[in-house]
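Two complexes follow with chain A in common, the first pairing it with chain B and the second with chain C.
Let's turn to the complex of A and B:
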């Protein structure tokens, strides 16, 4: 069942269009994450769903109702703010109970729900404290508690973990995942900058850029088959390496040439096109291996090495002034200036045409010539 | 810090001079008040002849006589003042904060212009408005009641307070309003349950200054109140001075003046901390 459906939603501030034609269906109980670079309109889109921001055109359906003009409190939506937005003059209990009090819910019911939420979030010892007497993590939990108490159908989170330190962020992320398990029918929409949050929490990720949807898909889907250069570069860390190449379309297959030299084993589907055009070859840092000079896709001297223990990251400077990042498992002894010859499994390569769209995966990989 | 102490210990003479100078200036500044205090405990006859404080002539006579001198206990005038102050405070707290909320948070046509006009009234001398105002109140028969003194306070006429509160409210994160909106509040509920309580430090300031300015007000009370039983403390004090016969009761005037100052003194003691805090946090995050 569809919980929320956006149909050709648009939003502009004056002449500046910040959300342009968004179409999206979100299923009931789904955990959807919006990611995208700063300023791409994630918060705006979320706030439009919440009702805090007007919608210029298009239809926002919540359940079967067109909700464009329904006031925020009647949309069955609860929101967790990045700043938490706890009421500073009320204690935790009153913060949790406030929405119910405004809705004239009777006292016994308020108590029951507040107690339930407090228990779920381990807030019982703090019920009598003011927000300023709480740590960042506890405040965060109160903010989530406020959403739980309302028993809303839909939870919206706007970068809820961005004010927490790294360790607490991981802990709270896991708590949110648990919360989702406990509330299987609650739809959650979550905005974040953080790739790991997006990859771990999401049923589906929506990648936004410049007010448009670049791609929607399961986390692994976005990682394995990004639809275009933007998504390919945005998902994954360190980011995918891009090399300028020539694409030679031959009807069914596309071959790839680099500086006039064909990359023998790499083939993509050409989709009936013929001719030649400039394109981009994408390789993720973690998909590269050291090979021989003859097999090498990329060869270049090591410019900088980072030892993270778990992985080693090397930055190669190629002759044509392009930098390439390689990620190796564990610690690997690499010297600055040492020339590496790198190859990759053809199945892990991505090719994008001139307009930045991904070419379809090769039907079958040819054996090495 | 340490350099200052060093200088102090290195040049004790210099320090002595500095402290002496400061003490002298402080004494000079507070001399009128000290003179008032000492004179109120002296017999009328020696107030102007004997400048010092002489324990041999100590008397409470001024207080005892002065309290009942004006046909009714001086306390009546104090209560009149207190009543007007109370209404002025309540009026200012609610009307100014509501107006400030509208300016700071709501979008309405010409809100910027309205705000600018409101600020201009800050510079409008009271003497310009007092006459038309008087005529207006006279035509509805409200002269010689407290209405002209308190009614305007319920219509947010104190631009300074509005300005102060607007600045304060602008410092309150908007997320708070929006969280309340999501929680089901309408604009009035957002004001009443969130903005108003969060404004408390600024409101304390408004209350205290409303009290000060009303308690110490003489001019408008003189204009609007005409019968003695409605008189406020400042007007009553004025009765001790008889300009025509030249036989003013100075001792009693000073004694009652001191009594009139007492509430201000107590207020300052009680709210000293909040006052300093209120001024310091105004405009900062609630």
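Let's turn to the complex of A and C:
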């Protein structure tokens, strides 16, 4: 059952269009994450769903109801803000109970719901404390608790972990994942620019860019089969390497040539196209391995090495002034200036045509490069 | 916390004479002293010594022409027990403070919230509403006010035109004080600017959260905006009260310096002026000044004590 449906949603500020024709269906109980670079419109879209921003055109359906003009508090939606947005003059109990008091809910019922949320989020010892007496993590839990007591069908999270330090961010992320397990019927929409949050929490990820949806899919789907150069570059850390190549279309299959040299055994579907055009070859840093000079897809000197313990990241500057990032497991003893010959499994290669769209694979990979 | 600790350390330190400092610091300290000297001289000769002198003279009979005569607590005794005009001035001033201060603060708050919205005309209206505060304390506005509310003033012209019976608002003891109260409320610009800054400091996400929680604009004002502005309300309350207790010019201009009609606008400071500079009872006037200082100090202390029950500080 669809919980929220966006149909041709648009938003402009004067002549500046910030959301352009968004179509998206979100199922009941689904955890959907909006990701994208700063200014891509993800928070604006979330605020439009919440009712805090108006919709210029299109339909926002919540259940079967067109909710474009429904006041925020009547949409059955609760929101968790980046800065927690707790009321500083109220204690934790009153922060949690505020919406219920406004709605004139019976006092006993308010107490029951507040206790339940406090128990769920381990906030019981802090109910009489003011927000300023809480740590960042505790404040964020109160902000989540405020959403829980409302028993809303949809939770919106607007970068809820951005203000937390790295360790607390991991802990709170796990708490949110547990919360989702405890509230399986609650639909959650989560905005972040952090890929790890998106990949670990989402049932589906919506990648936004310039107010448009670039791709919607399961996290692994986006990682393995990005629809275009933008998604390929945005999903994955460190980002995918891109190399300029020539694409030779031969009707059924497309071959790849780099600097006039064909890359043997690497084939993509040409979709009936013929001819030749400039394109892009994409290789994830973690998919590259050291090979021989004869096998090499890429050869170049090491410019910088980062030892992170679990992985080693090397930055290569290629002769044609293109930088390539390589990620090795564990520690590698690499020296600056050392020439590496890198290769990759053809199944892990991505090709994009001149317009940046990904080329499909021709029903499987032929052989190793 | 760090500042408190630093200041505690600072106050615990023994005073160090300039000679005990290293030569490089010695020159710096002397330069600082030279720069501070004008202010220090002003503080000593224009504030501290006159205040101390007035305190001593408040126990004397002093008419500016002959040497002061020590009369002990007689001035204070007369003030509190034998001077009905003094008690009347106290009553007029207290009424003025208790009515005009809360109303001007309420007015400032409501207008500030209304003008906090970013609209194309918001800045224009902010300027217009602030204008009376720039002019309000001046003699010119007192004269203007007299013309507006006098027997042949603008208000009566309008009321007469509408067929209502007219009266001299400033000549009638039932209304004269209320005209001064309206004048004070009209000067809400200064607290309004402070509230305006406060309203714009309230994080947008807190307002958004209250909207999501279902609070109506009125509920948001009383449950969110008002508590978050409470430190500024306290500040404005104290400052406005101190100013109102010391109000002088409006009553002086409107009543021609008499406090009339029938002492209905006899403000405390106006009576102090009459006693000191017309009746040349300087000792008595100084006693009045010290009692006023005590009244303001007590009020301020009560305000700060009571603030713990209604003022919410962020940290």
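Simple rule for what comes next: the second predicted complex is superposed on the first by the 364 of 369 C-alpha atoms of A that agree within 3 Å, B and C clash if a C-alpha of one lies under 4 Å from a C-alpha of the other, contacts with A are read in each partner's own complex, and residues count from 1 in each chain.
As a convention for this text, contacts are C-beta pairs under 8 Å (C-beta built on N, C-alpha and C of every residue); 3 or more make two chains touch, one makes a residue touch a chain.
Only a predicted model underlies this, so the values are computations on that prediction, with no experimental measurement involved.
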| item | value |
| --- | --- |
| Joint occupancy of chain A by chain B and chain C, clash or fit | clash |
| Which superposed partner A:132 touches (first chain B, second chain C, both, neither) | second |
| First (chain B), second (chain C), both or neither touched by A:83 | both |
| Contact residues common to both interfaces of chain A (with chain B and with chain C) | 50-52, 72-73, 77-79, 81-83, 85-89, 98-99, 102-103, 146, 150 |
| Residue ranges of chain B in contact with chain A within the complex | 173, 175-176, 178-185, 189, 193-194, 197-198, 200, 286 |
| Partner chain B, residues of chain A touching it in the complex | 50-52, 72-73, 77-79, 81-83, 85-89, 98-99, 102-103, 146, 150 |
| For the chain A and chain C complex, residues of the former touching the latter | 47, 50-52, 72-74, 77-79, 81-83, 85-89, 98-99, 102-103, 132, 146, 150 |
| Footprint of chain A on chain C - complex, ascending | 203, 205-206, 208-215, 219, 223-224, 227-228, 230, 312, 314-315 |
